[in-house]
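In the two assemblies presented below, subunit A is common to both, partnered first by subunit B and then by subunit C.
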Partner chain A sequence: MAGRRVAIVGAGMTKFVRRALETGQELAWEAASKALESCEMTLDQIDAVVLGSAPDAFDGVHMKVEYLSPGAGAWGKPTIRGYVGGGTGVFAAIQGWYHIASGMFDTVLVVCEEKMSSCHPHPQAAFNYIFDHTLERPLGPNLLWIFALEMNAYMTKYGLTKRDIAMVAVKNKRNAADHPAAQLGDPHITIEDVLNSEVLAWPVQRLDVSPTSDGAVAIVMAAEHIARRVTNKPVWVEGVGWSLDTQYWTNRDLSYPTYVEEAARKAYAMAGIREPRKEIHIVEPYDPFDYKELHHLEGLLLADRGKAAELIALGIANRDGDMPVTPSGGLLGVGNPIAAAGLMKVAEIFWQLRGEAGKRQVPGQPRRGLAQAWGDLMQVGTVIILGI
Partner chain B sequence: MERWVYPVTSLRPEDVEQKRVCTTRTPLRGEYAWDAGVAVGRFLTELKAGRLIGRRCRACGRVMIPPRMFCEQCFRPTDEWVPLADTGTVITFSVCTISWDMRRLEVPEVPAVIAIDGASPGMGIMHKLGEVGRTLEEILDRVRIGMRVQAVWKPAGEREGAITDIRYFRPLED
Partner chain C sequence: MPLIERIQHLDEVRAWRGTIQLEGVYTAGVAGERWLRGLQEGKIYGTRCPRCRYTYVPARRFCERCLGPLGKDTWIEVGPSGTLVSWTRLHVAPDGTRQVPPRTLGLIRLDGADAVLVHELIDGQEWTSGMRVEAVFRPPAERSGSIRDLLGFRPLSP
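Let's look at the complex of A and B:
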């Protein structure tokens, strides 16, 4: 383990909704103040702030994190923005970790916020700017294209069916029914509902996709000597890793997320994990689309290539299975305010390992969990491993 | 953990339409003129002449499309231009039935990644397929990953040095 030991000691969040009355600043404030309150800390005990938020284009506010900063407790404090697209939520926690592990700070407040509803007529408008301006934008692409292209490459390579993949959406939306912050939890959804939903960009259908959302999540991180004073249940950061693949996405093997494997291998090495399938008890892989959960389980080396769907089919990935996957309900169920969604996954592992996940609590006193996010132009993997 | 969740005031579309809450709308106006650069600039000039071209790195041997003046893997300059065919293989495709702002399209679009003949294996570009049907069912019946395709060019007089000088790729009947 590099550097000093670092723990997460508190977490808070807002409900995720399609459109919130609250501004981004107000959402950040609600999540940040709840996180501080949860560990009975106040802002004057925080040394530095890490703020994560995805494209400025969603809000139409340039330097969005500076705009958010008053609500995120950043007044008069060393503050940094983390931004690796969808990978931001987990990356922000990694930044919080190295701020403290390095010895630079003892306590860090990590806040991730996203308000996608401001962008009209649809947040997709902001996503059009991720494509190459000369070689791709003249073709009139939309964001769904790249996911549909990747999903088809993955399905075809391994002979997977839409039904194999739809099981992920069903599991996660059902799990989310037990999450008090969820936007799209549904205890009764069936595979047929997913398979019969509107085709958007085949093979992607409406219920294969997470919603657009407004929301914020915050965690408090602390060095060991503080963490032990603040709580009797610190959740330790045991490993972190991140990696970026080439921007030339049409030159990659789209059927396998190599960058997730690279990030996972770094995190496993740091945590001293040799057999991740035995040593990781709960997983929160990034699931903006149902196939992405499977893709990422394979990149995390928690399933053989092309075989992750079997974990879902056999119930191994259920909340009461041998390796619960996305017990929170994930982006598909809780919602997808981009950066906040990634940090929600970190917060879920925190609550699960402390036995505080309520109706979502995974049985058997899990001791170690992994959260992963993914983003930019389908090219970044961010991984954090937490343990008690 | 319920204690640490703030409930949020969720707005319905009618709350906004009926002006129960105040909102402000302003457009962001900005236009950009992007320079193509050294590598893609040459690539566009070749498109205007009806040709595809790639760039070779002699250190790793890769022939790359889109072309670049540096190899991001070897992190050294690339060495030479390599003429490529205007044929290739579909690596993956989608059948998109909506526009970027979620409106239904009358005829679906078929975006694809196409590995270009003469470039290294797996070196593809994004483009669209055409002449493959007008409904989801027809297109799914017609298009396969691994299918061979060829560029359909605009007439020489209409080409302007843009990726759209290729109208689309169509199935190549062997």
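Let's look at the complex of A and C:
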């Protein structure tokens, strides 16, 4: 294990909603103050701040982390922005880890915020700026059809059906029904609902996709000597990893997320994990689309290639299954305020391992969990492994 | 918690509409300009990295795998036929309205290339991954040195 031991000692989040009346600053403040409150710490006990947020265009404020900083308690503190697109939520926690592991700081407040509703008529348009201006933008690309191409490649390679994949959306939206902060929880949703929803870009339909959301999440991280004073239930960072694939999205292996495998292997090596399928008890893989949960489970080496759908079909991935996957409800159910959604997954592992997940609590006292996110130009894998 | 879904009423204090006008003027780049001039002539070029044995399409000026330069001697013509890697049919336009008729887009690995090109699929009814396709260019007089000088790809006539 590189550096000093680091634990998460507190977490807090806002509700995820389609349009929050709060400003981004107010959302950040709500999450940050709840995280501090959860471990009975005050801002003067925080050494540094990591503030994660995805594209500036969503909030419609350039250099938005500087704008958000008052809400994240950054005044007068060393502050850094975490920004690897959708991978930001998990990456910000990794940045918090190395701030402390390095010996530079003892306590870090990690805050992730996104307010996508500011962007009209739809935040999807902001993504037009991520594509090659000369060679791709004239074709009018958007993320829905990029991922439709990827989903089709994945289905074709392994002979998967729409039904195999729709099961993920059903599981996650049902799980989210037990999350007090969820935007799209639905205890009664069925596979037919997903298969009958509006076709956006075949094979992607409305209920295959996570919503746009406003929200914020925060965690408090501390060096071991502080963590043990703050709480009797510290949740340790056991492994981290991240890796970047090519910017040329057309040239990636669209049926397998190599960038996730590279990140996962680094995290497993650091955590001393040799058999992840036995040693990881709960997983929160990034699920902005239902097929991406399957994709990512395979990249995390938690399922054979093309076989992740079986974990869902057999109930292994259910909250009471052998390897619960996305017990929070994920992006599909809780919502997808980009950077905040990734950190929500880290917070979910934190609450699950402490036995504080309420109605979402996974039985059997899980001892180790993994959260993963994916982003940049759909090319970064970020992985964190937590344990008690 | 006051976080609930509300319809935006711009006549209230609750929300303020703001627009900033900005326009981008982008350069095609050293390799990009040459590649687009090739399209104007009805040719699709790639650049092949001799060290990594990887052919980029559109042509690039350097290899991202070794950071070696891809000079004039590495330019090769690829296609115009290739293999369909994946495809999608769009039913929703960017503004949320129905796309009528739907657009179909595909990923094409041109013969001789390792990289994959994204473009429109035209003149076809049923598309399947793995099928053979060919590039369709605009008539020469209508070309402007744009990615749109390619109309798209159609099934390769047998």
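Here, the second predicted complex is superposed on the first by the 388 of 388 C-alpha atoms of A that agree within 3 Å, B and C clash if a C-alpha of one lies under 4 Å from a C-alpha of the other, contacts with A are read in each partner's own complex, and residues count from 1 in each chain.
By definition in this document, a contact is a pair of C-beta atoms (placed from the backbone, for glycine too) under 8 Å apart; a residue touches a chain by one contact, two chains touch by 3 or more.
None of the values given here were measured: they were computed from a predicted structure.
Visitor: Once both complexes are superposed via subunit A, do subunit B and subunit C end up clashing or fitting?
Guide: Subunit B and subunit C clash in the superposed model.
Visitor: If we overlay the two complexes on their shared chain A, which of subunit B and subunit C does A:A35 touch? Say first, second, both or neither.
Guide: Touch status of A:A35: first partner only.
Visitor: Among the partners subunit B and subunit C, which is in contact with a greater number of residues of subunit A?
Guide: B
Visitor: If we overlay the two complexes on their shared chain A, which of subunit B and subunit C does A:G12 touch? Say first, second, both or neither.
Guide: first
Visitor: Quick check for you: in the superposed arrangement, does A:P78 touch first (subunit B), second (subunit C), both or neither?
Guide: neither
Visitor: Examine A:P141 and indicate which partner it touches, taking first as subunit B and second as subunit C; both and neither are also allowed.
Guide: Both partners, subunit B and subunit C.
Visitor: Just checking: does A:G355 make contact with subunit B only, subunit C only, both, or neither of them? Give me first, second, both or neither.
Guide: neither
Visitor: After superposition on the shared chain, which partner residues are touched by A:Y248: those of subunit B (first), subunit C (second), both, or neither?
Guide: Both partners.
Visitor: Between subunit B and subunit C, which residues of subunit A are contacted by each of them?
Guide: 14-15, 17-22, 60, 120-122, 124-125, 133-136, 138-142, 144-145, 148-150, 152-153, 156, 199-204, 214, 246, 248, 250-251, 254.
Visitor: Which residues, counting only subunit C, touch subunit A once they are in their complex?
Guide: 1-6, 8, 14, 17-18, 24, 26-29, 32, 36, 56, 58, 64, 85-92, 94-96, 105-107, 114-120, 129-130, 146-148
Visitor: What part of subunit A is in contact with subunit C in the complex they form?
Guide: Subunit A reaches subunit C through residues 14-15, 17-22, 60, 120-122, 124-125, 133-136, 138-142, 144-145, 148-150, 152-153, 156, 198-204, 214, 246-248, 250-251, 254.
Visitor: Please give the residue numbers of subunit A that touch subunit B in the complex, ascending.
Guide: By the definition above, subunit A touches subunit B via 11-22, 27, 30-31, 34-35, 37-38, 60, 117, 120-122, 124-125, 128, 132-136, 138-145, 148-150, 152-153, 156, 180-181, 199-204, 214-215, 246, 248, 250-254, 351, 356-358.
Visitor: Enumerate the contact residues on subunit B facing subunit A in the complex.
Guide: 1-11, 16, 21, 25-26, 28, 32, 34, 36-37, 40, 43-44, 64, 66, 68, 72, 91-102, 108-109, 111-113, 122-128, 136, 140, 145, 162-164
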